[in-house]
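Next come the structures, one after another.
Next come two complexes, and both contain chain A; in the first it sits with chain B, in the second with chain C.
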Partner chain A sequence: MNVPNEEGVLPKHTEKQISVSQSTFISHIRPRFLPESAINIVYTVCLGGLSFLSFIVLSVTGLLLMFHYQPGENTAFSSLLNLSSVIPYGALLRNWHYWAGQIMVITVSLHMVRVAWTHSYKPPKQLNWLVGIGLLLLTLIMDFSGYLLRGSQETGAAANVAVHIAELIPLVGSQIAQILFGRPSPLSGSTLMAYVWHCIGLPTIAFWLQFYHFWRIRRDGGVRPL
Partner chain B sequence: MKRLPIRMLIEKEGIAALIYLALSLFLAIKVVPGVGTSGQAPLVGQAAAPWIFGPVQVLLFYVSPWISAILFPFLIISTLVILP
Partner chain C sequence: MTRRLHYTRREILLRLSWVGVIVAGSATMGPLVQYLVNDEDGVRSSLVIFKKQLEEDSPWENVSSSRVWVKRDKAGIMALIATCTHLGCEVRYHPEKKQWECPCHGSIYDDDGNLMSGPAKKALQRVAVEAKQDGSLVIYTNKQVGSDERA
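Entry: the complex of A and B
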C-alpha cells in the first residue's frame, strides 16, 4: 500500500517510485539526444519556448504586482496609479507584465500558424493540436481579463460588452457571465471574479496544460520540418 | 535521422531567451502602456478591447452581436478543431 504511515511518511519504495517517475518525465521532455529537426531553429523559430518563457515572466511579475494591486471598482485604478508612480520599480514591473503578455499573444498565435503551416496537427498529433487550441483560448482570455483589471472607464465598458455577449449564449449565458466577470460597474471592469480568474484560475489551468503539451510533443515524435 | 546532443538545443534556447528578455525589457522601459481614464473623470463613453479582439470589435459595429461575437469566433474555433 502506497499510503503514509501514522507519522505521515511514505514507504521508502514509494518515494523511490516518485523520484523515478519525476526523472523519467524530465528525461522524456528533455532527452539527452534529439533528432536534428528538433534542434534546427528554422523549424520552430522557438515560438513555443518563447511563449512558455513569456508565461514564466508573466507569473513572476504578476506575483510581485499582486502585493500592491487591489481589485474593485473604487480601488483598482488608484492602486494601478500607485504602482505606476509610487512603488519602487512598480512601473517597470507593470510595463514588463504588459509587454510580456502582448508578446505571448503574438508568439502563441504565430506558433499556431507554424504548426498549421507544417501540417503538424495531423495524426498522431491531433490531440496536442486540440490542447494547443485550448492554450490559445486561455491566452486570449487571460489577455482580456488582465486588460479589465486596469479598472478604467474603457475597461468598464468593455466588461459590460463582454457580459452582454456572454448572456447571448442560450440557457447558460447569464451564469457564464456571472462566473467569469462578476458584476462589473460601467466605470470599471475590475472585479474580484476577473482578478481571481486572471491570477489563479486561468494560469493554473494553463500551467498544467503546457506541461501536458510538452510531454505530448516528444511522445508524438517531435518537431516536423518546414 | 541524425541525432544531436541536447546541449545544442539548450544553447539556442539560451540565446533566444536572452534576445526575448532584452526586447521585452527594452519595451517595458521605453514604451509605457496607457492606464485609460479614471472612473471619476468625465465620461468618455468609449469601449475599447485589447488589440487582438479588434476584428470582433469592428464587426460589433456593423452586424448583430450574435453573428460578430458568438457565431464568428465559434466558426474560427470550429475550423481549427476540425482541421486534423
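Entry: the complex of A and C
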C-alpha cells in the first residue's frame, strides 16, 4: 500500500508494484470477474467489437494490397486495374478492403449513437467518449484518404477540394495541406503523402488509441471479454 | 502414462475449433502465395526481343508474352502493337480473314492495321524494329513509326 510517510511523501514504487502495474493491461483486457449486466448483448449490440473486427480485416487486406498497389499520379489507377483484373485474388482483396472500410464507418457511427443512447459517455467514462470521438475522426480520415488512393479522376477533384480547405487555415495552411495531401493533380488524388498517412500514420495512431480505449472500458467497469 | 478416454465437451469443441483454424489457414496459403508471387504488374522494358526467323510474306507472328506482332514483306520487317486504338483492348489477329478484330467493341482493322470499321478512329500502332547481326529482332515498343517504315 502506498501510505504517505510522516513528511506526507508517497514512498517510491517497489519492483513488485511496478511489475503489477505493467501486467494490469492484460488483467484488464482479460479480467477474472465481470459485472453480470456487462455481458448483455442488447446493451452494446457488438458495435464496438464489429468496428475492431473491421479494423483487423482492413489491416490484413491493406498490408496485402500494398504489395501490388503503386501510389502516384500516373501509376495508381493502372495498378488498381491490374489488381482487379490481372493479379490472382486481387479483386477479392480490394473488394474486401473496400467493404470492410464502408462497414467500419457505419459501425463506428452506430457505436457512437449506442453510447449516447445508453448514457455511457457520462462519468466515469467521459474521457473514453473523447477518445472515441478521436477514433471516429481517424476512421473518417482513413476512409477519405483511402478514397483518394484510387487515383481516378473524381479523387483528383476531391483531393483538390481538401487541399483548398486545408489552405484556409491561417499562416500554416499550405504547409499543412502539403504534409497531408502532397500536391495532387486535378486528375488523381493519389500522392505519396496520402499513401503514407493512409497505410502507416493514421492506422498506427488508431491502433494504439483503440487499445487505450479498450483498456479504459475495463477500468471503468465495462463490457464482456473480447 | 495412461490414455485419456474422457474429454469434456469444452475440450472437444476447443480442439475442433483449432482444427478449423488450421484447415482454413492452410487453405489460404495457396491463394496468398499466388497473389504475392504474381509479377504481371511489374515494370517492363520497352524493348522486346524476337528470335525466330521470319519468312517473307508470312502472316503476322506474335512475340510471346507481349502484344507485339512482327511480319516481313519485300521491303523489310515491320512491327505492330495489337492494342486497339479505341480503349486499349488487345485485338486478335484472324489470319484466314487477314483482319484484326477487337473483342471489346468490335473495331476491325485490315492486315496492315488500317482501320476498316469503328468505334476506333486510328490505325493500329507501328513501332520501330532493328534487325541484329544474328537475325534476332529488337522491337522498340515506345518508338512509334509510320506504316511504311521497314527494318
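The rule is short, and it goes like this: the second predicted complex is superposed on the first by the 198 of 226 C-alpha atoms of A that agree within 3 Å, B and C clash if a C-alpha of one lies under 4 Å from a C-alpha of the other, contacts with A are read in each partner's own complex, and residues count from 1 in each chain.
Definition applied: a residue touches a chain if its C-beta (ideal position, glycine included) is under 8 Å from a C-beta of that chain, and two chains touch if they have at least 3 such contacts.
Because the structure is a prediction, the values reported are computed rather than measured.
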Looking at the superposed three-chain arrangement on chain A, would you call chain B and chain C a clash or a fit? fit
Go through the superposed model and pick first if A:Met66 touches only chain B, second if only chain C, both, or neither. neither
Mind telling me which of the two, chain B or chain C, contacts the most residues of chain A? B
Is A:Leu187 touching anything from chain B or chain C once the two structures are fitted on A? First, second, both or neither. first
Answer with first, second, both or neither: which of chain B and chain C does A:Val113 touch in the superposed model? neither
Quick one: is A:Ile179 in contact with chain B, with chain C, with both, or with neither? Answer first, second, both or neither. neither
With both complexes superposed on chain A, which partner does A:Ile200 reach: first (chain B), second (chain C), both or neither? neither
Looking at A:Ile165, would you say it contacts chain B, chain C, both, or neither? Reply first, second, both or neither. first
First, second, both or neither for A:Trp99, with chain B first and chain C second: first
Contacts for A:Gly151 in the overlay, against chain B (first) and chain C (second): which applies, first, second, both or neither? first
How far apart, in Å, are the nearest Cα atoms of chain B and chain C after the overlay? 9
If you lay the two complexes on top of each other, which residues of chain A touch chain B in one and chain C in the other? none
Inside the complex, what are the residues of chain A that reach chain B? 30-39, 41, 46, 49-50, 53-54, 57, 73-74, 77, 80-81, 84, 91-92, 94-96, 98-100, 103, 105, 109, 112, 116, 121-123, 125-126, 129-130, 133, 137, 140, 143-144, 147, 150-158, 160-161, 164-165, 168-169, 185, 187-188
Chain A-facing residues of chain C, complex: 31-32, 34-36, 38, 40-41
For a test of understanding, state which residues of chain A touch chain C in their complex under the given definition. 64, 67-68, 70, 79, 82-83, 86-90, 93
Using the touch rule from the top, collect the residues of chain B that touch chain A in their complex. 1-6, 8-9, 12-13, 16-17, 20-21, 23-25, 27-29, 31-33, 35-39, 41, 43-50, 52-53, 60, 65-66, 69-70, 77, 80-81, 83-84
